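Naming follows writing order (A, B, C, D and E), and every chain is counted from residue 1.
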Amino acid sequence: MTIFIFKAVLIFIIFLISLGIAAYSTYAERKVAAFLQDRIGPDRAGPFGLLQPLADGVKMFLKEEIIPTVSDKWLFILGPCLFMVTALMTSAVIPWGMPLEIGGKIYKLQVADLNIGILYILGVVSLGVYGIMIGGWSSNNKFALLGAIRASSQMISYELAMGMSVIAIILISNGSLSLTAIVESQKGLNWNVFYQPVAFLIFIICAFAECNRTPFDLPESESELIGGYHTEYSSMKLGLYLFAEYINMFISSAVISCLFFGGYNFPGLDYLNTVLPVNLVSLISIGILFVKIFFFIFFFMWIRWTIPRFRYDQLMRLGWQILMPLSIINVLVTGAVLTFFNK
Amino acid sequence: MDNYSELINLMRPAMLIPLFPLLGFLIIAFFGKSLKHFSGWIACLSILASFFCSLYLFINLSSNQKLDFTVFEWIRWGDINLSFGLLVDPLTIVMLLVITGIGFLIHVYSIGYMHTDEGFSRFFSYLNLFIFFMLILVMGNSYLIMFIGWEGVGLCSYLLIGFWFKNQAFNNAAKKAFIMNRIGDLGFLIGMFFMLHYFGGLDYNLVFSAAQSHPKGSTLLVTITLLLFIGAMGKSAQIPLYTWLPDAMAGPTPVSALIHAATMVTAGIYMICRSGVLFALAPQTLEVVLIVGVATSLFAAIIGLKQNDIKKVLAYSTVSQLGLMFVALGLGAFSSGMFHVVTHAFFKALLFLGAGSVIHAMGGEQDIRNMGGLKKYIKITYITFIIGTLAISGIFPFAGFFSKDEILAASFAEYKLVWILMSFSSMLTAFYMFRLYFLTFSNNFRGTQDQQHHLHESPATMTIPLIVLAFLSVIGGLLGLPVVMSHTHLFSQYLEPVFEVSKNIIGAQHNLAHRTEWVLMGVATLAAIASVFVAYNLYISKKILPEPDADVKGFTKWVANKFYVDEFYNKVFVRPVMVMSDIFFVLIDKLFIDLFVNAVAWIVGFTGRTMRLVQTGNTRFYIFAMVIGIIILLYCQLVHPFLNVYFN
Amino acid sequence: MEQLEQHANPQSWYLVLSTILFSIGVMGVLFRRNAIIILMCIELMLNSVNLLLVSFSAYSGNSDGQVFVFFIMVVAAAEVAVGLALLVSIYRNVASTDIDVLSKLKW
Amino acid sequence: MNSQIIFFILSSLSLVSALFVVFSKNPIYSVMWLIVCFISIFGHYLMLNAQFLAIIHLIVYAGAIMVLMLFTVMLLNLNKESEPHKSPLPKVAAIISGGLLLLVLLAAMHSGSLPGYISPDLTDTGYVQKVGIKIFTDFLLPFEMTSILFIAAMIGAVVLAKKEKH
Amino acid sequence: MTWIERLYLPAIFQGLSITIKHLFKKKVSLRYPEVKRAFAAVYRGMHVLKRDEQGRENCTACGLCAVACPAEAITMVAAERKKGEENLYREEKYAAIYEINMLRCIFCGLCEEACPKDAIYLTDRLVPSEYSRGKFVFGKDMLVEAVDQRIDISKRKKVYEI
């Protein structure tokens, strides 16, 4: 039974961390944007503006709740909820660190070690479209519908290349689909990114597209579609959408870290394991993972404030005509290399 | 099977041999449009690759070895197991070398000859397909595989004869060839059924060992061999199924050289050699073969005397030579027959290609009455053509002399009469060939001004194959120097293991004394030189020209019109069939079958008109009907125990 | 989900469940006139069959059933892609997806 | 007992959602209910230890097919059934025949020998390796055929849905 | 474009390096209420109607400013000075109502140039924000400087004197 309690606690903690990181991502986004543009950014609420997310949250809650009269009320409410749920669900299979030892028992820092971990992520990500589509459609607004359609076609298109790039990773990590196994196969500095730079490139581009981040933020491009699928949303429902996007960003950073940058692995982990107590090593490994995640969150923002948005046809061409063939070639080349050199 | 692993290593090149032409065919067939003239070189390369593979086999497979393996299982029902297998033994290798070697040369020649034709890549795709089927024919390890190749080469022959399909006469020639071949193929097919029924399979090994359990000359064996011989008659243009071959000259000249002189028409010879055991067990059939061979050889030679189309003369000479080969087979001298196949392939291909070169120079003119004096204009063609003519006339020391002499010697040993007839036939051959040569190359030019202006030597792609073939025609005979001239007969020694069994069955052959052989050779050479002299006297000294078609009278008219055989066939076979079909059409078709068919049609129509009312066009109704039907069916089938009994 | 506990549901439950799902699908095909919903009901029927196959596979310890389901999914995806494309082009012509309107099958 | 409770919850969910698919007025709701139904079937697959298939089911059905459905419904703007009222006879017939089919099938099962209380063979039948090896050995040809089918369907869909240029 | 340029990746990295450089640059922001940016000498902010040294309004309601105004933001009603108002208005005529619509005003300063009596000036003060549009029509209560709170316009005057 203790395992269940542990898992419940773990889920709760991950939930809180996700929310917290998402909240502070909004703050970080504004800060990074400001810094990259030689500005200071929010610094009034609390020291260095650290309470800014709180203020934003309060503001969101206090805003008027508007549900358009011509909208489909149930779906209008369901949309942001679904989006949030799917965003949070992905975190279930990510190994957060080395196992903890409590009371002589070993606890894996992972909610569920599925033997199909990566597929689970792809599956849940593919469900994420519904939140956007339902929200966009039920708003009964042309801009919202356009945003929703753009979002869904974009996400479906890029999911394929994403899956194909992941196949190359599966190939080189002993054919296991489990994220733990993939992370374990990258001991030390044996990170996949060095063996699979092309897959990494494809994956990160697709991750940008799946998170609707610039340069792929066409679904909500404010200059064309006002707010895209969440044009009609206000108050905390809008908050959920925005929040969920930041959670997506957090999770995809975590996935990228696990797939390509060794997850919680770092050179010297094995050595530390022999010297330090297990729990301390575990905490250090968690810290390492989070350093990587923060780097990628920063990278997401960095890209956002550097590269302008694609045109829609460019986006589709990139997805279908470049990334898709490239990822297939990558898989073929990887398979060929493995076949010829490993035997 | 002494060195098993070594043979295993030879399997792959053996399988590659037919694959290269197939690959070439596929490439040219699919990308011919974009390859343009490049497709010719692809075709050549594929054949060259096959040639090298064949050479590799020739070098690595000693004459007492054979490679017999199954590529894949094909048909299996009951006890009968027909698999796709290949057989490579000396006989096959000889054929392979001839097909791929001469095939390659003719491919190269075609690049020059067909250069301006709009169907350039189509032509090469057909040629490659033909080579593929021919290789299958000679490489198969059962009659079935041979039959696949047999039919395949027939198809390619049809396609290539009718290559210029805009000309209706050419199409008719193609159809004629196809139908004539079908008659022969029917015999072959029935023979195969017999074998399948009585021997339980079609593999050579199986058939031959099963056949040896039957007594020599039994009805079954005679029947089977006769049926097979009918097939060979069709393919190798023997009386009475020879008339398609002269007409087949409608195709482009390289086709005539490759298919209708060097390779496909010898398929019949190959088939009889391959089934030597069967034929040896049926002496009656061998006699039939002999008679047919003699008759064909003489008959075609006589017709050849009066032909004025350069290709027709060569065509009749081919028929005549094929007859000679059958004579050899009929005498049981299989290796002599094969030897003549090889030498004949050299010089007949050379002659056809030379004729092609002449036609090329004349801008499409084929009538020798309009030629003459060409030796001034086209030197290389002239020299190579004279070599070919000497070879076919059987003049020492060219290739034809040795092979012909061997057959004549064999006939002298067996039947003197045959020897006399065949010697006469050889004389005729020498005569009409030199007639052709003199009329074409000597004296003055008789064509129009335009043609004279147009005369030019052919490009290198055409002349080089001519030179190579001429070289082969000169030295080809050395392969089989008779025993009297050297210690061993290389060719028959090489083929000996293949024909060992059949030789034993036929029994001891009469051996001629060396002195007799020398005399025979001398007689043959003298006869040939005498005919050449007669031809010289007639066409050079007296400068006689063949008269125009209208002026021909009497017996010569018969000869010039090929003894009216085509007309005879029309009257005797085609016309009655037409009349019968007319009668059947009126009596049975109109009255009986139409009534029946119309009644059925009316019933169907009526039912349809009635049932159409059900067709509402409403999809939902259809789905509904379907579901109801399923429910009823399930109810009857699964639930209701009473109905269950009936449905099961 | 690491290791599901051994459960003792009889397989007949799955049979009954998928039968009911299948019947609902059939009923839906007959009941609705909107072609898209008919397509969806067909998907439902396919899924009931899939469920049945997976249950057989699990209960007999043989993966073949799952491979079949895999192929059914491929076919279903192809079917939906083509079906919807057809519907869209039909909709362009007759501005309706009501299958009662689509009576062009009549001769 | 646990698994039985889960089974009943999932089954009732799938049945109820399937009924809603059929009876919802609004096509969008039908689509949503079908998604719910698929997710409950996903749960069934997990119960049967077919993890790989479950995820593939989720990705293919929920992630691709239903998105396409939703897409089409939204694009064609079929938010309300704008059809004129027609006679209820077909609907009654539909319900009756559906029920009949159910009865016949159940009766057929009853009369046949139903697998009884066999305990499931919860081995690794559903693992990726197992299924993958099956696909790429015994079922290689069908697999290649489906890929051809797929590409044909893709091309067909593109050709059909493309607007003709006038 | 060459093949490498077609990849766009070098360009992207170039862009990324440019933005990352700015991360470490000195920030240009000012913390506004605490730190203020100095106005330029010629900054044209909210208007003021000046009084003379004795506290009398300079404006004589001649209307030249309203004529000069390109945005037609100024309206005025003239009135005659009554007995006993000499300490309020410098000359016999004065503006009973003087209104500037601050939403229309473009702060061009033409009124200032047109004024013959040195009555109207644009100052470096900001126009205060309001909640309704009506309140942006500033009357004399907003525009005329208080007697005890004179607004220094010497900088602007100096400019003109040059």
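The definition used in the following text is that contacts are C-beta pairs under 8 Å (C-beta built on N, C-alpha and C of every residue); 3 or more make two chains touch, one makes a residue touch a chain.
Because the structure is predicted, anything quoted here is derived from the model rather than measured.
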item	value
Steps needed, at fewest, to go from chain D to chain E via touching chains	2
Minimal step count in the chain contact network, chain A to chain B	2
Chain located farthest away, centre of chain D as origin (C-alpha)	E
Taking each chain's C-alpha mean as its centre, the one farthest from chain B	E
Interchain centroid distance [CA atoms averaged], chain B/chain D, Å	62
Chain A-chain D separation of Cα centroids, rounded to whole Å	29
Whole-Å gap separating chain A and chain C, where each centre is the average of the chain's CA atoms	32
Centre distance in Å when chain B and chain E are each reduced to the mean of their C-alpha atoms	109
Contacts with 2+ other chains: residues of chain D	51-52, 56, 64, 75, 90, 93-94, 97, 101, 105
Shared interface positions of chain C, touching two or more other chains	1, 26, 30, 33, 100
Multi-partner residues of chain A (at least 2 other chains)	114
In the complex, chain B residues that touch chain C	612, 615-620, 622-624, 627
In the complex with chain A, residue positions of chain D that touch it	26, 28, 32, 35, 51-52, 55-56, 58-59, 62-64, 67, 70-71, 74-75, 79, 127-129
Residues on chain B engaged by chain D in the complex (per definition of touch)	620, 624, 627-628, 630-631, 634-635, 638-639, 641
Chain C residues touching chain B - in the complex, by the definition given at the top	26, 29-30, 33, 99-100, 102-107
Sites on chain D touched by chain B in the complex	90, 93-94, 97, 100-101, 104-105, 107-108, 111-112
